[in-house]
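Right, one structure below, let's go through it.
Should a chain be cited, it is by its letter among A, B, C and D, assigned in written order, with residues numbered from 1 in that chain.
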Amino acid sequence: MTFDLFVLPFFFGLIFLTVVLVQKYSRWIAMMDSSDRVKAGMALFSVNLLKSIKEVVLESLLHRKMFKRNPLLGYMHMSFALGWLLLIILGNLESRVYSGGHINPPYYPIFLKFFIHDKRVLPFELFTLPGFFRFIMDFILLFVLSGLVLALFKRTRSKWFGLKKTTQHNSFDKWAITSLWLIFPMRLLAESFTAGLYQGGGFLTNTLGSIFDAILPLQYLAYPAWWAYSTMLGIFFVTLPWSRFMHIPTEIVLIFLRNAGIEQGKYPGSFSEIELSSCPRCGVCIDVCQMNEVDKTSSTAVYLIRSLRDQQPDKQLNANCMMCGRCLQACPVGIDTLGLRVGARSVDNKSIAMDFSYLKKQPFVGEETGIVYFAGCMGHLTPGVKRAIVQIFNHAKIDFTFLDEDGSICCGRPLKLAGLREAASKLVSENTRMIKNTGAQLLVTSCPICLKTFNNDYQLEGMKVMHHSVYIDKLVTEGKLALRPEELKAVYHDPCELGRGSGIYEQPRNVLKQIAEVADVAEEQENSLCCGGSIGELAMDFTQRNIIRDNALKILCESKPDLLVTACPLCKKTYDSANCIKVKDIAEVVAANLVSVKHQPKTTEMVEQG
Amino acid sequence: MKLEGKRLIWQEYQKEIADDHYFYARSCIRQTFFPGAEAVFVKIMKDELGKDIHDEQHHTSCTGIGYHADVVPFDTTMTVIARQFALMTEAGYENYAASCVTSFGLYTEVLETWHHFPEKEAQVREFLYKATGREFNKPKNLAHASDIVYKFRHQIAAKAKYKLIDKNTGEPLKVVEHIGCHYSKMFPHKGIGGAEYPYVLSGMIEAWGGEVIDYPERRHCCGFGFRQYIVQANRGFSLSCSKKKFDSMEPYQPDMIITNCPGCPMFLDRWQYALSEMEGKTYGKNNNGIPVFTYEEVAGMIMGYDPWKIGLQLHQVSAEPLLDKIGIPYDPLSKFKGKNGEDLGIPETPNYLKFYAD
Amino acid sequence: MEKKVKNFGYSVTRDRQIDFDANNHDVGKIVALAEPTLHLCISCGTCSATCTASQFTEFSLRQVILLVRRGETKGLLKEVSKCMLCGKCQLVCPRNVSTRNLIIQISRALCNHEVSGSAMLKP
Amino acid sequence: MQKHIVVIGAGPAGLESSANLSNLGFRVTLVEKEEVTGGHLNKWHALFPSLASGKHTIEAIVKGLNPGIKIQTATKVTGIEAVNDYFTVSGHNGWQEKADAVVLTTGFQLFDSHRKEEYGYGIYENVITSADLEKQFASGKEFVNRQGKKPERVGFVHCVGSRDEKVNNLHCSKVCCITAVKQAIEVKQMIPEADVFCFYMDLRMFGRHYEELYKQAQEKYNIQFIRGRLSESTEDKDGNIIVKVEDTLLGKPLRIKVGLLVLMAGMEFPPATKALTNMLGLKNVSDGFIQPLDEVLHSNLTEIPGVFIAGTCSGPKSVSDTMADARSAALAVAEYLK
């Protein structure tokens, strides 16, 4: 007997899923830019493929990033992913034992225990091939079920898993997750009942089977249990493409394409759709998002992605984000949450066309030097920073041009973050022309927002772009600047665009450590909080911004520092507005503690001075 | 609107107007715009009211247009006006009656100036004497001709054959009054009723049976404004001012507009034609336009004078529908006949504004 | 009927006056709903004083806000399109007006308005 | 012998200084020309910025009065004469008292808005004053304009009779700005769907919580503030008022139709009181109000020893400022009679 009616729900579900997936994949391939298609094709035959496979194993199966975040959470995800895959693979091998090696219909390995009723033979069970499989299959099922138990706990005890909040699911998700959760208990019941009737099964199913046999009329229950098992599988397969579990077949594609060097590009597009479908809605991004503090959980990345995938974009949701990048940092799948949000905003604002034709009339007047300094719009609101930079440059005897001393135009990043890419590009080209006119080799800026966009969106061939904190660090390392230590406890706040955005964490700290004692902060470096002043955020009012600012300040000031140091004019102004701690830019701290290089105090003198 | 509120204000702005013996100075432009108006005034004063009125022939322009267009200096203006006063003195009169609102305003301004700066008066006396050998007394009483008609409005009403009443319904006619800006906007206490709610024309309308319409843009200038009209490029502004007034009064369905200024009836009348030709827009019922009259013409109408004798055929907006409404008879065939019955020629018919010429 | 038009060498000039009653106030209402801090502006002018775009062109957020409130939306889209969204204004506003969102909401409302109801706007 | 003080005017200033003087042990006679005490406050529905009831406020002040105070109502003071070291104060009805000191708490009179004739008060039915509006609030009746309709738009004109040399009042009446904000909010509370506009020259939110109330007016009630002084108002066919101002922040004239226009009438020194001050030989400066001996050091003293001033007779004040001034006057009197 190799067929029974009950396999049909599973069988049709599988066929349905396969058809849908093929259709989806074809659509994505068709939508892809031809250059991207070429890249993808090449990647199939290169080391990239191995890299992708490694990443799939590490992330999609073993859930390495999840483990790093919280071992319990990692184990839970791994048990489902790895466990189920092993069940499928080993189940297939097991079925071959009985079928004499030839290929079986797809349902056969899944429901093998319905068709094959081997008796358990102790004590040498493990040394027989069927006995080994019976053992190992029961073991993996137990592994998966342990994950299921954890998943149930996670519903009510999410804190154990390092999560304060979990994702609220829609109806497709609820159908899918309910069927998914029932698949393995149903398999356990079906196999145990059958094992009980025929004294078969492995250590788990056999034991449970004997117990059930003693208390239940298994002859009536076994067959319905197989039906239930098959039905759950069927339901899961049918709901999968519209549920979060679509991430299972998509994430692999995403990893592959990413490793092939394909980027998000235009929105909406093939890659962005793949990203949207790759989100497992694990909810890790919810927890790290500061929007929770102002009751805007509904605009966190997971909900953004869901609304976009379901084609129900919400302008308010899209606008409510500080673009701090904490979700990007935390996402185990590596989805470009910020890029997707910018994309969504570009759709919302597609009717808006900016007109900067008035800028054409502005010629650059200045002299060519090797180094130019660009304060940026925000820099002009912190004249102390500008003055400090000039003081430092003069102290180090550096010949430079203050490019925007009399004001300048915006770098374009705020427009870009608002989804107005075309308008941004006009400013980019205008600024590029002006910067290039200087003929400089190094561009130093005080604004991390400018820095990010100069590096990412500007084509400044032959010109290095540095944030002033990096340049100061360089000057100190090269011995061109000497600093005087102070009896001062400081904390350093990593600006989003400088830290997560540009990967600069150490240089400002190195400089600051020469002057003050730098205390640790609970959330720093990659996990640094946003100050709330964000220009990436479009719709939040100041009451809410101030809540975010105050919460961040609370964490920054836990060690009761004397001074809060940052390296972004916007962060400085934002924190300053709370009027609770002295806030300074790293440049200002440096400028206040400059000493002549020749008379650099020795260590002993430093102590005396301190 | 509370009429009693207005009455309180009217009580405050009353002025003394001489009872008889007027030295009458005609207006430069009214004599060409609506020449019947001044003739009617003189006739009513002499024939109907039996007043002594001297119709001076030798006076000149008061320089008002030049003065307000910034081409005549004030010293010149004062000296010219001093000459008018000298003519009055020489004719043996003390009560000066000005036909023109701008002249009236300017005489007032000059007298006020002399009142506050007597040295100016002395200087002007010297100028005048050197230039002409004339000397003068200041008028004992200065009035605008409309003040005088206002003063005798009830006597005129008593002698009138007609009232400003729709003969078919017995309802009073709805009358818009438009006061020349220079009448009281500069010196509110020199005008009857003051600047905000002038009573000089309202009083006539009430006395002659009509109903006064107070509409939102009542205070607005007709648009003449000297400089605006004189320069062709600025005429659009002049036109727009009149249009603003028409648009504002239109919902009240006025039967006529009465004015007391030389420029206002001209512009309120002719601009209706210009607007109709430019935009196809006409005011009043059946494309008739809203007829615009001087207060003297209206006085003549109710006295039963022949409409063509008092010059109503010189109006761009035809008077016939209104005459019919009041019941004033007229001979349609003699509208464009001269004094001796010769044919004066019929003006071109406008495209939109209705024109009665048969 | 085709109206015959005579050329007098001059024509009715448009009034400079803001005719509040005749103006269409939809844009103002839509913007106020989306960004209620529109109401909070006190026209102090700090925003326009610090404005990056104002260095180069006659753009004034203070005036834009007033024009929206008065329903004077003709030609406003062109004005708003000069903004670089740099956010300096937001940093200096003493009344905590969300100026950047205002610009976006005004632009959106004006675009929608021009597409869907140009006839509703004052000529 | 117990010293005797006559306080003239039983508004908040008179009542409060009488209460304090009596508590300090003086014999006090409080003279009032009206039948009842309370002054303007009787007619005021609610006080800024807390919207406290005017009636309750005056009741609370009256409650603080010592029974020993003699209250002489319906008596118009017609004569004050300084005789040796005392004053003889006499009323129109033959009432007369000797006093060791006199406190003038004669208050202000509301600017007569008829005088701004171009605003149309008394001519256009739907032009009313802030005091009329307060009466309407106090009546508790449904809020309608003179045509019996709920106005779709209500306008408030600031500085009527204040800061206007055309009516000889250069001074600022101080309280009208915040009163307009308060009344605008009250109108909005009664007719939430109405649009409310304030036409102002400057908004002088000098007191504590005034700016907050102003912000609330903008934020919560969407009251629009248009900077520009009313030039003239006219009436349309339906009795609406057409307001012409310049939107000075846009530099353009603005025209707007409102269903009701409220004139924020300012404070003036009453001519009737001027007769009294003339009798005493007190100086009234150009704004008409009584000049204190020193505006900083002796704000309740006059040039005449024994004659004291409190409340709005020495310049526009809010009710709370008036109360404080009244208390300080009581101390100044006590110091003098020591």
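Going forward, a residue touches a chain if its C-beta (ideal position, glycine included) is under 8 Å from a C-beta of that chain, and two chains touch if they have at least 3 such contacts.
Since the structure is predicted, the reported quantities are computational estimates derived from the model, not experimental observations.
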Check your understanding: Which chain has its C-alpha centre closest to the mean of all protein C-alpha atoms shown?
Key -> C
Check your understanding: In angstrom, rounded to a whole number, how far apart do the mean CA points of subunit B and subunit C lie?
Key -> 45
**Study point:** Between subunit C and subunit A, distance of the C-alpha-averaged centres to the nearest whole Å
**Key:** 40
Exercise for review: Go ahead and note the Å separation of the Cα centroids belonging to subunit A and subunit B.
Suggested key: 84
Revision key, fill the gap. Flagged in subunit D as touching 2+ other chains are none
Point to revise | subunit C: positions in contact with at least two other chains | key: none
Exercise for review: Sort out which chains touch which and give me every pair.
Suggested key: A-C, B-C, B-D, C-D
Exercise for review: Can you check the complex and tell me which residues of subunit B touch subunit D?
Suggested key: 1-2, 5-6, 8-9, 194, 196-197, 214-219, 251-252
Revision key, fill the gap. In the complex, the residues of subunit C that touch subunit A are 35, 37, 50, 52-53, 55-57, 78, 81-88, 90-92, 96, 98, 100-101, 104, 107-108, 111-112, 115
Review point. For subunit D, which residues are in contact with subunit C within the complex?
Key: 215, 218-219, 222, 224-225, 227, 247, 249-250, 252-257
Review point. Can you list the subunit D residues touching subunit B in their complex?
Key: 114, 117-118, 121-125, 232, 234-237, 239, 242
Practice item. Note which residues of subunit B are touching subunit C in the complex, please. Key: 232-237, 239-240, 243-244, 274-275, 277-280, 351
